[in-house]
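Next up, some structures in structure tokens.
Shared chain: subunit A. Partners: subunit B in the first complex, subunit C in the second.
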Partner chain A sequence: MVPWIDASCILIVFFSLTILATYRISGMIQVFAVQSFVLGLMPFFLHADALAGRDVLIALGTILLKAALVPYILFWAIRHVSMRSEVKPLIGFGTSIICGALLIAGAFWVSLSLKLPGKPGSDLIFPCFLATVLLGFLIMVTRTRAVTQVLGYLVMENGIFLFAVSLFDAMPILIEMGILLDIFVAVFIMAIVVNHINEEFERSPVSVSRSKMGET
Partner chain B sequence: MVSILIIIPLLCAFAVFLPVRKLFRGRLFCVVSLIHAGIVTTFWRRLPPAEFNGFLVLDSLGLILLSIISALFLAVSVFMIGYFEHEQRSNRTFTACLLFLLSTMTVVSVSYHMGLLWVMVETTTLFSAPLISFHRTQESLEATWKYLLICSVGIALALIGTFFLAIAAHDTHTLLLPALLNGSSLLSVNWLKLSVIFLLVGYGCKIGLAPTHSWKPETYGQAPGMAAVLMAGVLTQCAFLSLVRVGQICYKAGLNDFYSSILLVMGVLSLVVSATFILGERNIKRAFAYSSIEHMGILVLGIGLGGIGIFGALFHMINNSLAKVIMFLTAGSLAQKYGSSRMNEVQGVIHTYPVTGIFLIASLFAGTAMFPFATFHSELMILNAAVISKQYAVAVLGVVCLALLFMGIARIVLSFFHGQPTEPVLVKKENFFMNAAIAVAVMVLISLGFWMPLFLKKVILDAAALITGMGGPGLRW
Partner chain C sequence: MDIKPMLMNVFLVFVHWSIVLLFSPLFIGVIAKVKAIFAGKAGPPVFQPYFDLAKLFRKHSVYSRTTTWVFRGAPIVSFAAVLVLSLVIPLGMFKAPVQFPGDLLLAVYILSLARFFMISAAMDTGLSLEGMGASREAFFSCLSELALFMNFITLALLAHNISLSRMIGADIPMSWRTFGPALLLVVASFFIVLLAENCRIPVDDPDTHLELTMVHEVMILEHSGVDLAYMLYAAAAKLFIFAGILVPIIIPVHTGHPVTESILFLGGTLGLAILVGIVESSMARLRLNRVRNLLLFSFALAFFGFVVTKWRG
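For the complex of A and B:
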């Protein structure tokens, strides 16, 4: 199943890059959902020869939480928050893509010198994990909207989880599920905070908030 | 027994969402804290057995943290009775989050699996976020956002570190602490080093060590006093325990020099940063936040210096949490009384509220480690450790930074204390419950300064031996 694993890894990095290049927030969320779905299939590819119940559980958990519920919450957040739907990048899209490409190259270069003990399933898992985490950071740093920052965080978490699924034997299933659940709750709370922030800003004119911010 | 401690607050957290009266919620929280404290007291007599296949084990290190958790929640629950007498807002979400926090922090103090530890530290981050935006002002929501995002990312780095640790422990096949310690010779050194870097940065972000401290002034400045106490006194120390657990592995694997050198850098940087920024601060809660960065820096420094520094750091964990109770509860009670925490907007506290005024002075002395408060002794021990290990530069820098911090805090506290009394005030009278919670903390901290009970000394020595893996003569004082 190595070709399938390789293909999924490449796809996950590719989708991170797509999120970086997407203009509309709703588009970013959709790409993220697809990325999470591919991530959810990973356990099947990694343990195709001896599929255990825990693999199925992790896969289903990932798909349900990350590919369905989290995008649903994010869509809820942008629907309730009356902000413009475009992403507001600090650096242009072209520059973002070039930076992203450099980060991917860097991730592959770094992973050359790191040897994973045991059989990791595929040589691409480690560099792709690193690349996705770095791209997540880039999205967080260069996109200024609250929801896009959450998306950056989620892309980063997807990268980490890509790494986690290949390390099944060290982590008991309860811990893996705990990690998934934590991320879900994090997004849930972040969405609520985004909503509250918006309510507060709507209640008072922006100029007032600016002067208040200047005081502190 | 440990699982009871976890389950009771969890169940009560759900009970809080039932349609009950505000007063009932406050009392329920009080009762739960009392039961928690009662059970924890029995642990000082005899440690409970391991539970869940060795995932939950209480050792001396955990016992110190668990006792701090218990004591601080008790203090906050008493303080809350008084606070909500003059507060219009519903306490439902607030109390529920506090109970969830109590439950998850208890798990942090007993978890013996590095993965479980990460999951629980992350959960504490999530449940503490709603506490910050209790007043729902724009500033507090911004602070919540900053806290959530910075800490989540920091903790994500710790997760990467945990996975790297799993790679390093490829031959032990588990991340249970005893297995890691016993099989320390099997750990791959390069991966362990990499994981230690990520874990220290990740948990360091949660502790609020420089350079990842930027969320602290904002968050503590906006959070209600009670939430700030729990964050500065317990939450950060939970992350500190995680750091110490990493230290246990490093000492056993012979990487203690590597581990200590990173901690020294982070500790010194935190001292310098807090001493620099506190001088221009005009908000008392934010000033206390810088003091918290300083105290956490000192804790980390103590562990990094080793020897008597470890004993000092563990003692300082207790003292720091008590000092934070005095500081942030006083600041919180002032914020409620005056509706402000800024310099020049609050003056003459001693004339309007004599008792709170005295607590204000106590918080100055406790926070800046003056005799007879026990913070003095523990900080002295850590500076002493710096001199013993011939790190003279660290010792001198430490003293200079502490002096600057004293100036910074004294400037604000004294301007609050003296002067023409500010009028009008929102709450006219002092509150018995609020003052009682602070007064007990003051008394305990002063008595610890005069006399350290034998059982406490024994537990701290045990815990220090756990970190270094030996009870050598370097630990005597």
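For the complex of A and C:
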């Protein structure tokens, strides 16, 4: 199953790069959902020879939570806040993409000198984990909106999950589930907070005075 | 000198050219048909590009008084350049008639030569719109060349050879099992390059005739009759050759049986035409300033493929 693991790892980094290069917030959320789906399939590829109950549990939990529920909440958030759907990056998209490519190269270069204990399914897992975390970090620091920053955080978490899932045997299932729950709660709180901020500012005098000054 | 192998070589060259000339309009026709089906229309027949070319070849060309020989030369040069380019590309069961180490550079520079003459001819007309198209073509091709070269470098690393025929041809046991991850990225990146170099939809809409947004179409706006036919034929052949590079990478099957390989190659090309048609039907043309980012993205993918290849050794 090594080719499948390799292909999934590459795809996960590919989707992170795609999220970095996407203009629309809804597009970013969709790509994130696909990335999480690929990530959710990883336990099947990693333990194809001896599929245990917890593999299925983790896979189903990941797919249900990250590929369905979290994107749904994010979509709910951007719909209710009625924000503009364009991503506003601090640095341009071209620069972001070049930075992303350099970060990927850096991740591979760093992982050349790192020797891991234990035996992961494929030698691509560690560099891809590092690349995804770095790309998520880049998304987080260069995108200005709350939802896009959360997306960067989620991509980062996907990277960590990729690593965790390959070290599956050394990690209790309870911790995995705890992490998944944390993510869920974080996204949920973000959606509520963004919604509340929006409601506050709609009523606040700041926006009124701004529109009077013609700035809207 | 023995005359027999030379005659054989000449024969092979003509076989190569006839494949390219015979099938390239069909490629365009299939794309148009797929787009029509997606739009819920019957669409023109698949062989319509042949009829169009035949019609244009029967016509006379009209030249503006401000144009010079550059304008008249460009169609011939671009057509000839594509024919020369086809000689270094293996097509199905037919190996490339010309192959030497480093011929990938020749391929890229022949493409540039054709482009240089197209751009010069567009400037030669003195029409401001053609100048705009020429400037865009030059800008986009700079970036797509970057991605193209990166892909070629990755393929050369995988094949341990810098001859195009050995990189993409039937000679090496390049399989998806060993090189899968890097090949996945190369294919994705090369597909974007294919769309950009041949002015297909996310980059340029071949059907539009809105002067302010088109790239390739505006450059051949002043050409007419036979000249236009050469230009269109060259564009179709270029698309077919790009498909000829991409298909053997996706389907690296070497049966050794000529008929099977030909069917696989032509089937793969047909599939690619359908894929291009689907992409064109499901996407809108990108805004001009975003094309740059698409090409940079393609470069980033190619670079990622390169990194993975180096990592795997």
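Quick note on the criterion: the second predicted complex is superposed on the first by the 204 of 216 C-alpha atoms of A that agree within 3 Å, B and C clash if a C-alpha of one lies under 4 Å from a C-alpha of the other, contacts with A are read in each partner's own complex, and residues count from 1 in each chain.
As a working rule, a residue touches a chain if its C-beta (ideal position, glycine included) is under 8 Å from a C-beta of that chain, and two chains touch if they have at least 3 such contacts.
If you're wondering where the values come from, they're calculated on a predicted model, not measured in any experiment.
After superposition onto subunit A, partners subunit B and subunit C are found to sit side by side with no clash.
Shared-chain residue A:41: touches no atom of subunit B or subunit C. The three-chain arrangement built by superposing both structures on chain A places subunit B and subunit C 160° apart around the Cα centre of subunit A, to the nearest 10. Shared-chain residue A:64: touches no atom of subunit B or subunit C.
Looking at the superposed arrangement, the partner reaching more residues of subunit A, out of subunit B and subunit C, is B. In the superposed model, A:3 makes contact with subunit C only, not with subunit B.
Legend: residue contacts after superposition of the two complexes on their common chain; A:108 is shown touching subunit C, with no touch to subunit B.
Touch criterion met: A:189 reaches subunit B, while subunit C stays clear of it.
Smallest inter-chain Cα distance, subunit B versus subunit C, after superposition on the shared chain: 22 Å.
In the superposition on chain A, the residues of subunit A contacted by subunit B and by subunit C do not overlap at all. Every residue of subunit C that touches subunit A in the complex is listed here, in rising order: 176-177, 180-181, 184-185, 188, 290, 292-293, 296-297, 299-301, 303-304, 307-308, 310-312.
Interface of subunit A with subunit C (complex): residues 3, 6-7, 9-11, 13-14, 17-18, 21, 23, 93-94, 97-98, 100-101, 104-105, 108, 112, 123-124, 127.
Contacts from subunit B toward subunit A in the complex involve residues 113, 115-116, 118-119, 122-123, 126, 129-130, 133, 136-139, 141-142, 144-145, 148-149, 152-153, 156, 159-160, 163, 166-167, 169-171, 173-175, 188, 191, 221, 283.
Partner subunit B is touched in their complex by these residues of subunit A: 116-118, 133, 140, 146, 149, 153, 156-157, 160, 163-164, 167, 169-172, 175, 178-179, 182, 185-186, 189-190, 193-194, 196-197, 200-201, 204, 209, 212-213, 216.
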